[in-house]
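The data blocks that follow each hold one structure.
There are two complexes below, and they share chain A, which is joined by chain B in the first and by chain C in the second.
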Partner chain A sequence: MTKRFDVIGKPRRRVDGRAKVTGLTRFADDVMLPRMLHCKLLRSAHPHATIESIDVSRAQARPGVHLVLTGKDFPVTFGILPVTQDEYPLAPERVRYVGEPVAAIIARDEQTAFEALDLIDVQYRPLKTISDPKEALATPEPRIHSYGEQGNIHRLQALEFGDVNEALARADHVFEDLFFYEGNTHLPIEQHASVAAVDGEGKLTLWSSTQVPHYIHRALANALQIPPAHVRVIACPNGGGFGGKCDLHNHEIVVSKAAILLGRPVKICLTREEVFYMHRGRHPVLMRMRTGVTKDGKITGMHTQTLLDGGAYGGYGAASTFYTGVLQTVTYEIPRYKFDACRTFTNKPPCGPKRGHGTPQPRFGQEVQLDRIAEKLEIDPAELRLSIVAKPNTLTANWLKIGTIGLAECIRKVVASSDWKNKFRKLPEGRGVGLACGAYLCGAGLPIYWNKMPQSGVQLLIDRSGQVTVFCGATEIGQGSDDVLAAIVAEVLGIDAYDVRCVTGDTGLTPVDLGSYSSRVTVMMGNAAIQAAERLRELIARAAAEHMETLPENVGFAQGRVFRADDPGKPMSFREAIVLAEEKFGTLGSVGSYSPPRAPGRYKGAGVGPSPAYSYTACVVEAEVDRNTGWITVPKVWIAHDIGRAVNPVSARGQVEGSVYMGLGEALMEEQVFRRLPPKLSNALVHKIPSLLEYKSLTSLDMPEVFTELVEDPDPNCPFGAKEVGQGPLLPVMPAVANAVYDAIGVRIDELPITPDKVLAALEKKAKGETPRVGPESFPDVPYPEPMLVPPPWEGGDGNSVNTPRRRPVKKEALA
Partner chain B sequence: MMRLPWFGFRSPRSIVDAAKILAAEGPQAMLIAGGTDLLPNMKRRHQTPATLVSLRQIEALKKVANGSGVTLGAALTLNEIVANAAVRERYAGLWQAAAQVATVHLRNMGTLGGNLCLDTRCNYYNQNYEWRKAIDFCLKKDGEICWVATASKRCVAASSTDTAPALIALGASVRLVSVQGERDVALADLYKNDGIDYLTRRADEILTEVKLPAAEGWRSSYWKLRRRGAFDFPVLGVAAAVRTARDGTVEDARIALGAVSSRPFLTKGGELLIGNKLGDDAIAEAGAKVASAAKPMDNTDLDLYWRKAVVAEFVGYALREIRGDEMRETRVRIARHAL
Partner chain C sequence: MKTAAPTNVHLVLRVNGEEQQVSFAPYKTLLEVLREDMNLTGTKHGCELGECGACAVLVEGVPVLSCLALALDCEGRAIETVEGLASGGKLHPLQAAFADLGGAQCGYCTPGILMTAKALLEREPNPSRERIKEAISGNLCRCTGYQQIYESIEEAARTIQQGSKR
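After this line comes the complex of A and B, so read on.
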């Protein structure tokens, strides 16, 4: 039976669209309060140093300066994950990257605060710097942090699901490849801004550009050592997040403290450079992938090793480390899987979650390697993938539960629309097509702090005026979550989405939702919203049924009317029905909440990877490569995304196209890279290009034509079957570009970004008869621990590990 | 956001008044036309002039005079240059250069004179104050060392103007006016190969107009290398102008380079073409000659060896376009839009 919908699935202008295009949306920097002061942060000019002394007297004496704060004003450490409380709002004794906040000036205006920064005298004693993971492995001292695994290794993970060496030994072919994925940053157009204010009772309110007001609420109360009940965090609509507004940031704590101390509102708006320093973006990852296949292309086992450049702090890094491996298993049938990961500390801005969180890097490696496998086995890459697509309603080797999977349909769609069969290996030299796939979570199964409470709550207010207001902690970051919320409530109550008012992302008013990350909002908030709206509809139906002398089950809701389903000719208005319900039940309201299903894996580490559903995407990219210059042009992209069901197809397509945009940027040009000056002359280790001009991302002129298709196979765990679309479509774009470049001109660029100089270098190698490839040449000896052994579901076991691995002792030669 | 430092502002209505103000204020005053280069630089504290003398109210700087050639007022915006029919028809190289500066919004503000006097650029210099502090500054501003070439006594910041190489290839000259009088200089002579002291213009002089010689018999072309289809400054600019006889023999030719030195300059590649026809061999020979003069440094976007490696190819694009080859597809691939 196909249910017909009035709102869901209809292409609509989003409910926040008019405010966005007319400039009425109030972002954090638009918040202006009476008597507001302005804050600027003094940031470290040293990549690694101890602070010998800070003298703020000259700055304090400057007219217009109200307050100067330093590390001693903030004794408590913070960090977004409970396990990594390693940051100070202002560094008290040690700085670990250029750009780390050291002091804050609060002044009458931004200019005065900026000019006073130069009046703070800080004496530093420089320390040896570490610029990349290889150096971190080779340099156990000085340690950037005193915690972690050993030396400058933050995290080590090793998990093995079935005997992978045995699986590779019986494979017909074993492929071993090295890949490198350069770091890149979120680049939201809105720079982070925050305003803090206290009310007459001394209670704090923080307006901020954040994706996660609930986590900020918790962490801020802890950082300031004040009761959470006295803190209210309002997430303003974000001008883009992409994961860069998921941490508690230094400036949020600093302005809050300043507002409390001064009793006046305090604002900060970061410069673009500061956003680059704060970063928390894509980790640079070096990867080694070993995959065994049979001669007909079935995977026998896979071993993924990753080495992450974490930057100077933990942040979400512990989770990112897991994500560089755990989702490798949800696209294709992989009977055995082994995964080793290592995250190192370096003297650079911390890395963290960016769209796809940790998974685009290994996905790039896996999909490029599959292209090689297909070539070697002389199987069309699309056919190869179709023959190994994971089955619905199965478990993976690492105990992830796959529900619906529309990947095969996605592949078939892009193969058809791109005319793949007539293009692959058939276009003239210099032109080529590449195909790749991807998968992503529809919400992380577990919250970042352990609790058994719902992950999303929704509250509905409705009254005799006919108004419907929905409250939810979810945050509108540009992805369209308010529109999803309004649409779902409207669908259930049979009203127009534009008649629903959304109040979201305000911890003082809205029920807890964990935030806009891990593509969780549509599924979790959506399910909670359905529950709340159905509860309310039930009350209205009972009241209306009494009036219409029928049973509540026979009451229909559609197009702003309430009617007898068996006799819809005499409807009452929705408002009339509410009046009846309010008469019968008193003041109306309802709540709904959602907790994801329990994941089957029970081993330590099984908490990262489970999700109520997985989304799937396939993509074909066409590339033109100039033989003489290596210049790359992408004229067209075909992409199909398994969304379950599109709540609003206009928004959904926008998300897919936005992913293609970001994916092409990562594939072709974006790099968060650093420059170390000659050590004899300088200790500097600086971000190479912290500016919107010189950090290259695509302009509209560089954007190809994108042909988007949505595959709708409703998932029973999801609201109206709707899966995520915010992150998954990014994943196949980068490897599809790499595979297209290979098809065009026969060179493998195994590292991102793929730039014309790398292509030209590979072409020169080809001309000399060398391997036509540019990419990493070696993988360092990483002291990965003995793996935790977890038999895959089909090899017995209950999802638990069967051993208690001991840590591999530090080997001197490994670090040499 | 980054804030501007305080400054005084003057807005004279004539060139004479502007010259008087400049003379009176001394080197602490700076001219501002569109401000698209200067104001961001001031926010980063590259320049902190006591007084800005605006040229926007001076109508005399916005004139176009057609004679045997064309004279263009220095305060014409780049989009006014792009919209000028004479430029488009007779001086294609200039038109292509102006049309590729920055973005349409910046071309609505930025002027021809401003583009010619554009500050030299370098990855160690075009950074905010805090960043430069973290490298202890550099030779060009507030520091001692050129971080691009640590042994260099000279700043190697790159000339990043698009219109200058195009105009040099076209044989343009500029007029400089001060209270002491006025002088015309060949545009190539406006520049010095020094990233700090990159102009021969004195601080009290105003660049008032650009004179283009008659275009009869000439065809010209400009090819810009940059990462993206908009915003970016050139990391290589190749400008060529060729005058051919009826039979296709080259009578005169100039090939200028931009963005591979601290100044835009005329190469010897053009001379090689004279007396020959624009055959593939002659084009390749000229390309190699021009490429040998390019000295890109590691101070802009894209790999420096690669930038050097593609110079000859870009010279080929320009000369083949002048020859009349169908270059539109290549143009769209490089420029990301039709020109």
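After this line comes the complex of A and C, so read on.
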């Protein structure tokens, strides 16, 4: 591609930049409406209990209280995935985690609502609680849910692509390692807020901090049993999302119902503690990885087993379960692959998607194991990876289609910039460097509910004033999606990005886009925007061509001008061209839409993992470890990301550095952990640290310098070649930290976060001559089913499975 | 049970150079009064416990966590919020730099950081990177990884200094 761009690739102020620095961006809690009432939720203090009775009479009698809602007001279950409709907006008869909403007060102000919560009397009968997956496996009764695989197992998956045991048997070395990745949470600085109101036509509008207005629209209409055409969901710009605003949340349904019943606007804004308890964040995952390699470091086969702590509800968990395995294959050449996964229910806040959705956990294991493999084989870890990087335009063992892959270039860049060759195994004791890589989706190939419609739609309106308005359901969560949309439309029409008005994330006005998740927006919305803009440009070109007495193909658009490409000296303004087009064709508008290419896999489960493209990242972390305190300091991080093409390099760099920041938090300190209160205090599983002060995250004083490089290898499936950048760069950070700690002090911490106590424990083991490692010691007996056998492409497969495995029953005794 | 709402206080608050009569319940924080009673929603909140810095405003030129300050205590004192940063349509150099250089991603922590940075630059027109890190260490940002925030503040410092030389 030799075309030069006027907008794409230029560092610019993002189109919504001014609003964000003037305080004019209207987040959900900034929506204030006349006659607005305020809602507070009463949440369960029990992790697992039946509700014997709820008496709301005292609360109802309180002056200023307008409405009290309980479970009986919400007969219909909901859930973000069609397969897991397992939640009630307010629990009617059973609670499954501390923090689950059981009643709602709607009052004249927040304070009144808050005080009235104390006047609701709920009688609970506690049930046995399950705190982690091992306990869930060992305790089939009582079941937290009556659905699922069996006992307290929500999901089981087993897929095998080629005979992995045979592949391991002929390997020169087989590595088997256990890893544990603790859960952590999104912690957007904006607490979730929602405002619901009924408009003059009697229809419901919900303003909400959500990343997925379309999914909320569908699920909300169903939960309230009202026609979707009478529901409008407006996704306010999110004050950070990171996956935490992807579910339909209880409070969104509750305020909607209350607004309908009262005929007045109703607002809720969660407290920070409530946000911690609502969670939906990173699953804690225990992993076992077996990898066979030849003596020169080629992988012969890999077997990944995962055990997920799902928390109390399904949520996105069915998808998360798949994601703990399916993307292991897109980074390196892995000729055979087996993947077993199990998600259990526990009496804790539900887990769900957080940046990287299910893939950071196995990525951590894979990249740390590769570090071990490299050491054993006496190959430099960077060289080892370079020798096994997946090839472009190939299929993986599990039938994912890789297009462009800039990973080798990423590795070379970080090796050079970090001075890797002079540092690895050469820094003084206590200092070290670690390298790791990662790969991520540029949009999930399939929507969360089955349909054949486009995954993103864009509409353009343009009029004689020269005003271009672009409508799209995509949601601005801070990542810059409005800027990408404006930039793409502007590039195609040859105008300035700031001359495009974006109307986004409003199901009452904008065409469907599935939302800001799975790093799908740039690719899917971008392709739809190109189509819409090109269709409009075609109309303008035809009108202008007539006037210029040339052919439409000879009409150029750039910098606000329309001109003959063969004689650019006599341009007309973009606005003049619009007038010609409006004269010729009438009112001007166009639409564009995008559906990803069909994925080649045909087996059941092949729907999770495909993407129009994959992004790649390599990262080197330098670490200094204090042997006395176990404290880890990271002075610098070097990272290179294969972005295809950067639409706005300022935003792209910000996404990479924000990923490094969040990755370091996950590696070193962030954890969503629970403790059991003593039996006399209810035995409840409560969050250890539900506050921003105690849930440790990096401050400006902890954040190291980051050296960011973007590798631009445009991908033909992507708009102007642009891949994702919001999630992929997170993935290599955690294993790179672990590998750097090993280089620094020679101990393996196979468990995240790598906190000082674990470092000291490992150093103590080392001093005693024991294996200098801290991490999981065993993997429980999980009743993984017989695998579905799918031959990889190079073993004569057609993408279908060759067996129909029996999934059930596994005998109950097996669980004991 | 006693349920009478507490009697509102009536007083004058001086926000961004303008005096305004306000009436509010005496227990309300400055954050709540700014947002709910004065419609100045540019100031944000992330915890209401003084932990995140999103609600920082300037009181007599000093960064204050408005979620921990009683509005009652701010009577007669000069309060500055993000709404008062720009002069007319012209952005403050900090605002321009944050918008241009990626200092704001989701923009939610941005007002608090802008106000904190303004106080810093008024105290120290040419702060080192270390001083910038210290100054904003009470403001959590989950999006940027802070680097583009440092660069924005440094750029604004340069712009302000060049402006004052002219």
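The definition used in the following text is that the second predicted complex is superposed on the first by the 804 of 816 C-alpha atoms of A that agree within 3 Å, B and C clash if a C-alpha of one lies under 4 Å from a C-alpha of the other, contacts with A are read in each partner's own complex, and residues count from 1 in each chain.
Rule of thumb we're sticking to: a contact is a pair of C-beta atoms (placed from the backbone, for glycine too) under 8 Å apart; a residue touches a chain by one contact, two chains touch by 3 or more.
Predicted, not measured: the structure shown is a model, and the values here were computed from it.
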Inquiry  = Taking the superposition on A as described, I'd like to know which of chain B and chain C A:678 touches: first, second, both or neither.
reply    = first
* To do: Have a look at where A:701 lands relative to chain B and chain C in the superposition and call it first, second, both or neither.
  => both
(Q) Contacts for A:691 in the overlay, against chain B (first) and chain C (second): which applies, first, second, both or neither? (A) both
**OP:** Could you look at A:271 and tell me whether it touches chain B, chain C, both or neither (first, second, both, neither)?
**Re:** both
Touched partner set for A:23, first chain B, second chain C, both or neither: second
Look at A:36 in the shared chain and tell me whether it touches chain B only, chain C only, both, or neither; answer first, second, both or neither.
neither
Quiz prompt | Which of chain B and chain C A:262 touches, first, second, both or neither | solution = neither
Winner on chain A touched-residue count between chain B and chain C: chain C
Check: chain A residues flagged as touching chain B and also chain C 111, 191, 271, 691, 693, 699-701
Chain A partner, complex, touching residues on chain C are 1, 3, 5, 25, 27, 35-36, 39-49, 51-52, 54, 81-83, 85-86, 91, 94-96, 98-111, 114, 132-134, 136-150
Within the complex, chain B is touched by chain A residues 43, 45-46, 98-99, 110-111, 114, 191, 269, 271, 273, 624, 626, 628-631, 633, 669, 675, 677-678, 681-682, 684, 686-691, 693-694, 696, 698-702, 755-757, 760
Interface with chain A, chain B side, in the complex: residues 1-3, 123, 126-128, 130-131, 133-136, 145, 147, 150, 227-232, 301-303, 305-306, 309-310, 313, 333-334, 336-337
The answer for chain A against chain C in the complex is residues 13-14, 16-27, 29-30, 32, 62-64, 111-112, 186-191, 237-242, 271-272, 477-480, 650-651, 653-654, 657-662, 691-693, 697, 699-701, 703, 705-706
